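Quick heads-up: structures coming right below.
Next come two complexes, and both contain chain A; in the first it sits with chain B, in the second with chain C.
Moving on, here comes the complex of A and B:
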């Protein structure tokens, strides 16, 4: 084994990065174009399409809604998902096997079917208000990710550590917060990021659950493209990209991202 | 401080499977008792019942005057040392050791002082600020030991504490554990599947099988006088031969197995019942070429060299037996000999009652 990676490996890695980055570069380029239609390479440089986002009230509203839904949905999913993942791992032997699969079902069902089912049951069936229905939908959408990621983290957690703490006089609930949680922190953060971004970028489920007056950003982008072909969509996409990057950056600055490499 | 442990008629189930049946066991104050047996024998279940991680279906567990049976684990005040150390990975060595003291409401400076003193005793004070990840297996187990001892529990329990260590360290650590346990006089329960480990550090050993206690005694007694065929074969009695008494003449008993007769003296072997099993290690059957010797006729098979003796695989009318012969006169396979039981190496067992 030599220290330097094989040239072929470098070439493949470079290609992967190339294909990952090029669409982003094109979108950023198009967003900066001075033209009234989408084009690449940009003709003239302007930030006016970014300003235009905030002049269109529908974009302003949906950005706020999307962030609210993503944050609250992820939070609720964590509140449900962490104990669920804990129970699934702690009592793996005692609990029936299908219980773990149950939490993954929303991923297995095509999102479009999932969205339609929620529309039929929540909005039409139970008359749940739009915002609440969106929140429930997104919570269910991200719950599988939360349970999976935290389960993966708990799978390598040795529960005798928890037993050791309890034997030393720490009550079980207290032990969960002082011993178990600090050791699956990386999993919780990863789950948060994954869930937040999944919710923020979701189209299929939101498509069915949005309604008059309340919509999410991706749905608004779709609606906008149907009517206008100006670079606003490109600039909104760039904004969405930067929101995602911002989430990662905040996490990186406060907690460190090295765990993702584990 | 040190207290006796009393397990009375405890049974336990996993679902519908009975894993422990009517176990009674008393550990005296300051005594170290090992629970010894193969995996699935119920030894770990017993430990987990005492710790409170499992609840018995019936019976009671008392420590000193306290009834532990329905008490939650965190109120039992028991020091536990785990097989995989179970140190808190996110805390320093010092904070690991101080954890139990913190739960007992000790102030930060007192905690630090006691924890450091305990680390000093296990020789790890210089590593107090490290995290467990930076320690070797032996060091981790010392920290685990310090963490369990520092709360001065009335009962200390070990769950296969040395099985993840290499052989040399295992021997060192068991001496260390025994010394610390002796010095503190802490009543201890030690779970292991390693017979040598159990015999070497315990005051008494409980040999378990299939959820039952087979024999509970000092290692010397278990090794020499197993009470039943299970314990006999567990402690290495290769030869267990069934006999029926066909005649008694004073203290001399004539017993028969597979058509062969053997005269045994009750003066040498102790009281011999009408049907019995003669159990012995290879040491307890001497190979004799004297045709007049009072022994079991045998045909020698494979010879192996043990250092202190030659060992022979032997074919007899009573089946396959293992016997030792002297170093001075190695015998070839196929030789016809007599296998003479050495009384002090043999145990007379009652046939196991049908269970």
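Moving on, here comes the complex of A and C:
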């Protein structure tokens, strides 16, 4: 087999990429249309549907809630996930193997089942406020990504450097922040971004954890689409895509995107 | 390996550091889901009563089989196209390869609602596809494409093909080119090399990709909700409808239990198979 793939395969790959890109182009086009209905190619260019997002209070509110939840959830996941990832690598011999598997469980369990279980046990069962339940749900949703990505970057860290610092008199906590953390900075950034985007776009967990006045942007988009079929949804979608692009640009600059494919 | 002078103390530190995350997973994930599943076996009508009534309902069994069918078809289509695309990507020159990987990552990071919504614009009654077909005179009336199983599958393949491509590119890159060259220099035709060398070596990656796609499409909510509607109810949309519209907690819990058991069974079965047939396994 020669190194160059068969022309048929190249044609298929080109079609697959066409299939992947066209719908996103259409959403952007529809968002820019000056019409009151969804159409592509756009008829007349206008940004008025983008303005409309901010005129609808439900969108304003849910954008804020989504950003709050994504930021706080990711932060909490990092605070509890970094020590866990560190322990899993540093004390690999002492800790049982199943502990590593435990942190992958949230990916294994269907998200929608997880959301329903939280509704049943937290919101209905224990009377936990919706915002808190939503935050707990998102924290656990992103925890596996945090632990996995940071574990991966700790796997290549030589812990004898840390031992050397400690035996030379550096305090363990100080050593962690001055020796270990700088070496896994890229991993922490990648984990933050991956977790943030996952939380921002989540539907299945949030679905059950919304209530009067509290909802997330994707859930609000779902609700809006089922009632109105105007370009507002397209422009909100573009807004979400822009957030993703911005975030990806940061990843690309810090550590290269191929990192995400691993 | 560093010296461990106080193994017991080390273990305790390890446990202490991982305790918050461990307790969070136990308390907020395992216990709530365990409670949902356990609850289905405490029905006053009998231990398996909720399951008996689930499978006695023609509609609900149809939903289960429809969900399995959609997931299976999505997986097969994604495997075929994902494999061919991943092969081309893995053999592309450096610069183009990273561009192609970025192009596959991007849709993956775009939300599921956005991606389902895009197909709503394309497949709708006055959508782009219908307008094109009418304009070309291929049909004289707009086709009803939304709310069909086909629409759901197209939306799902769109959702999961990038995942398949990305999980296969790594595997295909790791297959040494020498092996393929050896095969062809020993006289194997490209087709024989494909079937007898490339495909068997890619099986572990194909299994990982298949598990991701199957479990993902088996439990997806937004895509079947937007593109399938009530006509194409699947387990996820039925679960939501039972819980939030009908307030049928027992019914919703039963669906949740069925989804969890099937998902975990498939992951375990496939990883068992992957371990057995992996030719590179140690």
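Heads up, the rule we're going with is that the second predicted complex is superposed on the first by the 225 of 262 C-alpha atoms of A that agree within 3 Å, B and C clash if a C-alpha of one lies under 4 Å from a C-alpha of the other, contacts with A are read in each partner's own complex, and residues count from 1 in each chain.
The working rule: a residue touches a chain if its C-beta (ideal position, glycine included) is under 8 Å from a C-beta of that chain, and two chains touch if they have at least 3 such contacts.
Owing to the predicted nature of the structure, the values given are computational and were not obtained by experimental measurement.
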Touching partner for A:163 - first (chain B), second (chain C), both, neither: both
Which superposed partner A:183 touches (first chain B, second chain C, both, neither): first
Touching partner for A:46 - first (chain B), second (chain C), both, neither: neither
Contact breadth on chain A, by residue count: chain C or chain B: C
Touched partner set for A:112, first chain B, second chain C, both or neither: second
Touched partner set for A:136, first chain B, second chain C, both or neither: second
First, second, both or neither for A:171, with chain B first and chain C second: first
Partner chain(s) touched by A:121 [first = chain B, second = chain C, both, neither]: second
Residues of chain A that lie at the interface with chain B and also at the interface with chain C: 160, 163
Residues on chain A engaged by chain B in the complex (per definition of touch): 158, 160-161, 163-172, 175, 179, 182-183
Interfacial residue positions of chain C with respect to chain A in the complex: 2, 4, 7, 10-11, 13-15, 17-18, 20-22, 24-26, 28-33, 35-36, 81-82, 84-85, 87-89, 91, 98, 100-107, 109-115, 117-122, 124, 126, 128, 158, 161-162, 165-166, 169-170, 177, 180-181, 183-184, 190, 193-194, 198, 215, 218-222, 225-226, 236, 239-240, 243-244, 249, 252-253, 256, 259-260, 263-264, 267
Complex contacts: residues of chain B adjacent to chain A: 51, 53, 72-80, 82-84, 86-90, 99-100, 103-104, 144, 147-148, 151
Contacting residues of chain A [partner chain C, same complex]: 1-6, 9-10, 12-13, 16-17, 19-21, 23-24, 26-27, 30, 37-38, 40, 79-81, 83-84, 86-88, 90-91, 93-95, 99, 102-103, 105-106, 108-114, 116-122, 136-137, 139-140, 143, 147, 159-160, 163, 197, 200-201, 203-204, 207-208, 218, 221-222, 225, 229, 233-234, 237, 240-241, 244-245, 247-248, 252, 256-258, 260-262
